[in-house]
Each structure stands twice: as structure tokens, then as C-alpha cells.
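Below you'll find a set of structures to go through.
Below are two complexes that have chain A in common, paired first with chain B and then with chain C.
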Partner chain A sequence: MSRSPRFYLQLAFTVLVCAFLVVPVVLSIMAGVTENFFIGIKSGLTLRWVVEVWSLYSKTIFLSIGIALATLAVTLLIGVPAAYVLARRQNRYTRWMEELLVLPVAVPGLATALALILLYGQFRGFRISWSFILVGHVLFTLPFMVRSVLAVMGAIDLKTLEDAAASLGASFTQRFFHVILPNCRQGILAGALMVVTLSMGEFNITWMLHTPLTMTLPVGLADSYASMRLEIGSAYTIIFFIMIIPLLVAMQWMSEPPNVRARARKKQHG
Partner chain B sequence: MSSSPARREALRHMALLLPVLTIFSAFWLLPMARLVAVGAGGPTGIAAYWAVVTDARYFSSLVSTILLSATVTLATIVISVIAGMFLQRNRFFGRSFLLATLTFPLAFPGVVVGFMVILLVGRQGFVGSITEWLFGEKLVLAYSMAGLFLGYLYFSIPRVILTIMAAAEKLDGALEEAARSLGASPWQVIRDVILPALKPALISSGAICFATSMGAFGTAFTLATKINVLPITIYGEFTNYANFALAAALSIVLGLITWLALALARSIAGSTVAAAA
Partner chain C sequence: MDNTVGIRLAGCGKTFADGTRALERVDLDINPGETVVLLGPSGCGKTTMLRIIAGLEQPDAGGRVLFGGEDVTLLPIEQRHVGMVFQSYALFPNMSVAENIAYGLRVRGMDAAQKKQRVDEMLSMMHLDSFAERQIDQLSGGQRQRVALARALAVRPRVLLLDEPLTALDAKLRESLRAEIDRLLRSLKITAVYVTHDQSEAMALGDRIAVMDHGRIAQIGSPRDIYYRPATRFVADFIGSMNRVRGSVEGEHLRLASGRLHVGPRVRAEVLFRPEDVRIVDSGGAHLQARIVNAFFLGDHTRLILDLGDAQTIIAETVERREFRPGDLVPVTVDAAALLFLD
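Take a look at the complex of A and B:
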């Protein structure tokens, strides 16, 4: 198959763009396992930087995982019921509510963080605990959970499903847990992955809310970039990459659910 | 109980919304109200809100932030349309690898993006060592406006390319075919058929890109540049000078700008503009 010169021109451009994104990632992986990055690979490969990062910053990794899971729990508990009501009642007020919930994402995290500090900073116990960071993460990730669940709920006829279950004598609790939730599994799962990924990487709000004892992974990264040698920052970044790759792969896999793939195949063949 | 089923359902829905409303009011609406009040409660009063225009220092910070964000948005859109249309229209060996490299940086926090720029064009950077080898002089861009520009491009390109690819998938190929058969040049097809059809996607992803750039803190923070973009200015006023009123006022102004950009784009593009991460 022969291609036009324009194809190769565009290909070269696209490869250049991708190189811009991927070259620094490769560099940071190399720097993280090189004895001395300034000299280069010939100085020898080592895992000592990774070990050093682990001894310096392993706490931040566990705190980030803990906060991400707590954020997930809260957004599930308050976000899924909210999405259900927003899907069932579509009027002016519920639309306003949807708008409101997105605001913490629409305004810079710095503003949200300053606001939280100015109002709650005086409560020492709360200010220095990890739950202060949890609050920021919940505000920031909640709209993603609500939207993701709402998108699935909007595509199914909730009311008919519920009426059918109710006519068979199912109570609301039974309907909610055995009819509604199973039907929006996809949306809940997609939202959950999004929430965990965003929480793990959140910096703009967290930097203002953290204390020396409540450092999360991205906060630790900023700390290592500013005060440690390049190799340690790089090794730490490798650990961050390793933690988000499974989440990204799962999200990629979720964004193409089996039924969509099957439909696409059917379309191709028929 | 004499309550009707409809009324019972309404009460149930209220009860289900209550947790979200409580948490959102307590931890966002109230703090924001406090932020607005603190902004107006400094020694200069309400005037703090005008400082961003009247005080030369804050005004230049505002202008450079807006200029930087607008330039980044424009450059991102041009790059993303070229690369995104190409990836959407062509199938070739290595295409899925290129797509994967676009998806990976989506989850990077701003600090990591800043570090990527340092590795690329910093003091021990990749580009610097190449130029040193070629011309005997190190090219170091990371800690200047150019470094910020590259960093903002880095986190904007993946988002915008993926949006454009999704929009390009839905384009009607028959229209382009018709334009071509009527004698339109490739450039005319792009200008009169493809770009207008992509317009909603361009406007919404452009607005997200602009809003994210305006509020980007992590990248600028890591690069520790001498250039004061607004988020860094706010952070400095708050932590270095304990100038709470001014920091509050500036962050309200910044929040209004990003919110306005997103709201405006949505009213023009019609589609839902999901805010940026």
C-alpha cells in the first residue's frame, strides 16, 4: 500500500508529539535506576534509589492509598444515592444541584483549599488530621462519581424497572439494592476508578491542606523534587507510575464495555 | 399513615439527597462564603477585589497568566487537530502504541508534569545535553515562561486529542466526499467541512484547557520559575506574607474567570463541558 507524502508528514508530526509526552517518562524511569544520571547509564544500574525512596516516603504511599479508598467510600455512600435522585427527578432544582456539585472542579483547587483553611483551620484536631485532606478529595472527586453513575442511569428506564419491582411487592430498600444498583454497575465501577485515580494524583488542594505528618504521594513527590537529588525524585516517580498504571488500564478497559465492543463488531459485519 | 405514595417518594428522595447537600454546604458553600468575606475584610475592604486590576504587580500576574493560558490553548488545539485527525483516520503499525502514549499522562498530577519538563529541558535535561553536544551550549528552558508553556502543553495535549478523536469519529464522511467531488481542495475541505463539524468539541475542550491552565498550580510550583502566574502569586501572598484578604480576593477572581470560561463555552457549544481534572 503506498501512502501520500502528506501521510508521512502527518505521521512525523504525530510521532513528534508523542515523543514529547513519552521521552520524559522514559528519562525518569532511566534516572530512577541509574547510579548517577549526570554521568549516564554507564555509571551502572541500581535499585538503591528506589530503596531509599521507600525508607523516606513509604508512609506517603500508604496514606495516599488510604485516603483514596476513604474518598471512594464517601463518594459511593453520598454520590450514588444523589445520582439516583437526580436521575429520577429532572427539574430545575436537580439541574442546579448538578451545576453546584461541579463547582469544586470548575474553580481552581487552590481556592477550595484556602476556603477550607480559612473556615476550619482553627480546629486544630481536624486541621492536622488526614480527614482534612479527605474532605478536599471528596469535594473534588464527587462530581465524577455522580456524573458517571448518572450517565448510566439516564440510559435505562429506572422508573419502569422500579414500578415492576414494586408491583411484585419489593420494598424501596430491596429495589435499590437488588434492582437499581445492579443495573448501574458499569457507571459505579467507572466512577470508582476515576475517583481513586484522581484522589491518588490530587495535588493542588492537598498541598495546602497537608501537614508534615499528613503527606500524600504527590505532596511527597513535590518535596523530593525540591529537596532531593534527581535520581531519588525519579525513583519516586517510577513508584507513582507503577501505582497508576493498573488504574489506567482498568479505565481503558472499562471505556470499551463488552456490549459496545460486540455492537461495533456486529455493525462491521452487517 | 395518610401520606400518598407520591409524597412518600418525595420525602425519600429528599432524604437521599440530604447527605450530599449537608457535606457540600458545610465543606464548600460555607467555606467559599467565608473566602468571599475574608477577601473583603482586609485593611482595604472591598477594594482588595480590584487590586488585581489596580495594583501593577497583581495585574501583570493576571495578564501573563491569561496570555499563557490562551497561547497554550491555541497551540494545543492546533497540535491536537493535526495529530488527532491523523490518528482517527489512519490505521498503521504502531498506532495503538502512539495512542497509549497519549493516554498515560492523563493521570499525572501537575507536579509530575513539572518534573517531566525539568527532565526534558532542565539543567541536566535531555534537550540540553543534545544541544551541548551539537553546539557546545546547553539549552535550558524549564525555569522560564517557555518551561511553563511546555508543561501546560504536556498536560493539555492528551485531553484535547482524545476529545477531538471522539468527535472526529462521528464526522460524516459523505459530506467531505461531496465537497471533494464538487472540486474543493483539501484545505477547503478542512476549513469548510471538518473544522465547522468539530467546532463544539474544539470550544468545549479549549475551554477546559484554558480553565485548567489558569488554575494550574503544581506544574508552576515544581518549576519554581521567576514568572508569577496567578496561582503562585496567591500561594505566595497566603504563605509568605500571610496576606489572607488579598489571597482570598485573588482566588475568588481566579475562580470566577475559570468558571466563566467553562460556562461560556457550554452555552456556545451546547454540549456538556465536563470540567477538567
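Take a look at the complex of A and C:
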């Protein structure tokens, strides 16, 4: 089949853009498993750097996972009920609240962190514990949870479903757990993945809030870039990728509406 | 159903927070086992009245809702023991057909064996036996509404409340499901309140129809009462088609540009009558000489638009098989017994 020059031009452009995005990633991964980056691949491949990172920074990895899960727990406990209230009470105030919720995303992380330090810096025990970072992460990720759940709640006729459940004798608690939560599952899952991913990768706020003993993965990454061999920083990146990419893939998969997925499945089965 | 009760509304009005008055203070008595249809255009207050009966809305202060003598005004819907069917079906997408039907029993803590038996009973009553394990999104609209009916009836409610249950369905399905609902209401002998804006649904299903207008009950009565003896102009115009002609009184007759109509001793300057009461007659006796403006052959009958002169047109329906052509003159009359007078 002959194609127009225009096609090849577009193809070349696409490949170029992809290369621009992907090459640094590949290079970084390569650097992490190369014996000596300045000599190059011919110096040999090794997992030595990865092991070294593990021995130096494994604590930051566990702390990051811990904070991400704690952030998830808090955003679920606050975010889902908040989204429910915003969805059920449609008035001037709730619309204001919805707008205000975007603020922590729009304001630079450094400013949020500074405000937290000004307000809570004097409480020393709190200031040096990991829960200080947790507060920053919750502030930053909560809007994503609320928005994600709110979007699903807006798409289903929540009020009528609740009326129907109530007419059948279900109390508020029963309605919430039998009908509302299961039917918002999609939004809650998408929000949860988003929150975990954002918390794991959060740098701006965390960098301001951390202490040498409460270093998270991205902050450790910056630390290793600044003070270690380039190969160690790169090996660290590999570990970060391994942790974050499954989350990103899951998020992408979740963001497709279910009927699209079902259709894709059907097509596969022929 | 043995536990069904009558419903009584006493002085129930509804003013919303923004000041709109959805329902004027109304009183309504519904007998046990009776089906009352609330009929009216959108915004007439019929849905508000249903939601007050259900417990989804509170009446304004002073209003009371009674179920068989028990004052339920302060009870929320989940304690009123009602069954409710919604226009949008409101089935739970996260549950199968059987789980939907069992939901009311589940929250009541019924044991598994009894629950299964009741669900099977409902499935076969609604001819849904083979659908038990289906997901809701695998059902057609008609099937969904049958599941919704089964779910509402599974808890053996004291009253059944239906909010425009057929409106979302296409015409053919609407008719067959209407017949099914009719059969259910008759065989279960359950007190039912049915909201609709469709007069043929109201006529077919209602023991009594409450025609509503601007938050008031304009008239309540049997379908025949409402149709043949409308109490107000609004009811006359809302139910079916109604012709209205004016003329001058001449003894027991009404004189129009196109002839005379025998009215009888109750003669008035304005009379109303239904299209099907217009009779095509021989040119003897009192009659109107009407000119055909349009003739629509509809198979089972022909609908004529007739000009009576003086810019007065009426609609007539006839089952005569002859062909009517626009421009032709036909002599018509209306029996005095079929004429209505309204102020």
C-alpha cells in the first residue's frame, strides 16, 4: 500500500516525540544497572547499585508505602462521606465547597508546606513525626478523591436509588453500605489509585516537611542524586518505577468506562 | 393482601424551602384495597402528594398522614412499610435481579430459606423465572419495571405507590405492562396510589381518579364520573377531547349560525360535548349543517373537524364507513343527554 509523504512526516514526528520522552527513561534505567556510567555498557551490567540503594534507602521506601496507605485511609474516611454530602446537597454552599477543594492543587506545594510549618512547627513531637507529612499529603490528595467519587455519584441517580432502598425499609447505614458505596465503587477505586500514586511521588510538600528521619522515597531520590554516585540515583529510580508503574497501569485501566472494557473483551473473543 | 390499609390525608399541603407552593391543603380518603390514580399535568402537585404519602416529603405543619387510622406523619419512609415503584425503575445496579427482589427481605433479616421462597414466588408472579441471576443492565425496560414491581411487592407492603411507572416505556410495552399492573392490583387487592399524566392509564387502572390542577384536587371520582360529568372546565379539557359551542337560546333550543341544537329545559348559551357524541343524521328535525374542514380516517373510526360558522369548530368522531371529503356539508346533532353545562 502506498502512503502519502504526509503520513511519513507525521510518523517521523510521532517517533521523535516518543523518543524525546522515552530515551531519558531508558538511559536512566540503563545507568542504574551499569558498572560505570562514564565508561558505558561495556563496563558490564550489575545489580550492585540496586542492592546498595536497598541497604541505604529501604527505610524511605517503607515509609513512603506507609504514608501512602495512611493517606489513602484518611482520604477514604473523609473524602467519600464529603463527596456524598456534596452530591446530595446541591446548593450555593456546596458548590463553593467544590470550588474551594481545588485550592490545595492550585497552590504551590511549597506554600502549603510553609503554612503547615508556620501553624504546627511549634508542636515539636508532631513536627518531627511522619504524621506531619501525612497531613500535607492528605491536604494535597483529598480533592482528587472527592472529585473522583463525586463524578461517579453525579452519573448515577443517587437520590432515587436511596429513595428506593429506603422504601424497602433500609436504614441510612444500610443504604450507605448496600447501595451507595457499591455503586460508587468505580469512582472510589479510581480515586484510591490516584491518591496512592500522588502520595508516593509527592516531592514539593514533603521536601519541606521531612526531617532526616522521615525521608520519603522521592526526597531520598533527591538526596541520592545530590550526594551519591549517579548510578545509585538511577538504580533508585528503577525501584521507584517498579513501585509506581503497576499503579499507573491500573489507573489507566480503571479510567475506561466498564462498557468499553466489555466491548474490548468481546472483540478479543471474536 | 391481608395487611393492606386505607390511607387518609388530612390538611396536607406542601410549601418548598424557596417558597413555591407545590400542594394546597388537601384532604383525601383512600379505601383499603382501592386504586386511586393521581392525574394531572406536570407541576400539578401529584408527585408531591405521592411523596408525602410515601414519607419522602413532610407535609406543612398541621398536615397529617394516616395509614388505617395509625398516624404515620412523623415516620420516615423506611418505617412506613410501603412499596414504591419509580419512573426510572431505581433498581440497584450492583445487585442481580434476585438480589434486588430480596433486598427488602434482607434488611428485615428474613432467614435464607424463607427469603428464597418469597423471591421465587415473586419471580414467577412477574414471569421473570429465567431472569433471576441476570444483571440489571442485561434487562429491557419492561423487564426492569417488572423487577421493580416484584421488589416492591416482595415485602408485602401495606400500600403500593407507583410514580409514573410506565412513562419511560414505549407505547406497545406500556399497554402490555399496564394490563399486567391491572391484573396485579385486582388480584392482590392492595391499596394503591398511582401517579400519571396519561389519561388512558388513569382510566384503565383507577377505581377512582383524582384530577389535579395547580396543587388542588379539581375533581375526584370514578373514571365514568370524571369523563361524563366533569366538575370543572379544567377537568373537561384535560380528560379526552371536549367540544364547546356558544349560541343564542331559543326556547329549548340553541341557535347557531349553522342551525339549531335541541338542548331541553336546562338550556344555556354554552354547551359542551364529546366528539364521539356527535351524530350524523338525516336532514329532518333539529340539526346543524356542518362543513367538513378535515377528515382523518384512522381505521377504526374517522375523525372530522367540522366548521359550524361564526368561527366555531368542533371535533367529531364517527364509526360510519362512508368517505368524508373536506368541503362537504354534513347534518349533525348531539343528543340532549350527552350535553354538559359548566360555569
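The criterion applied here is as follows: the second predicted complex is superposed on the first by the 259 of 270 C-alpha atoms of A that agree within 3 Å, B and C clash if a C-alpha of one lies under 4 Å from a C-alpha of the other, contacts with A are read in each partner's own complex, and residues count from 1 in each chain.
We adopt the following convention: a contact is a pair of C-beta atoms (placed from the backbone, for glycine too) under 8 Å apart; a residue touches a chain by one contact, two chains touch by 3 or more.
Source: prediction; values computed, not measured.
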Touched partner set for A:Ile242, first chain B, second chain C, both or neither: neither
Contacts of A:Ala111 with chain B and chain C, given as first, second, both or neither: first
Residue contacts with chain A in the superposition, chain B compared against chain C: B
Partner chain(s) touched by A:Leu45 [first = chain B, second = chain C, both, neither]: neither
Residue numbers on chain A that touch chain B, as the complex places them: 6-7, 10-11, 13-15, 17-18, 20-25, 27-28, 31, 37-38, 74, 77-79, 81-82, 84-85, 88-89, 97, 100-112, 114-116, 118-120, 135, 138-139, 142-144, 147, 172, 197-198, 200-204, 207-208, 218, 221-222, 225-226, 230, 233-234, 237, 240, 244, 247-248, 252
Chain B residues touching chain A - in the complex, by the definition given at the top: 12-13, 16-17, 19-21, 23-24, 27-32, 34-35, 38, 79, 82-83, 86-87, 90, 92, 98, 101-112, 114-120, 124, 126, 153-154, 157-158, 161, 186, 211, 214-218, 221-222, 224, 231, 234-235, 238, 244, 247-248, 251-252, 254-255, 258-259, 262, 274-277
Chain C-touching residues of chain A, taken from the complex the two chains share: 156-157, 160-161, 163-171, 174, 178-179, 182-183, 185
In the complex, chain C residues that touch chain A: 54, 56, 76-79, 81-84, 86, 88, 90-94, 103-104, 107-108, 151-152, 155, 161
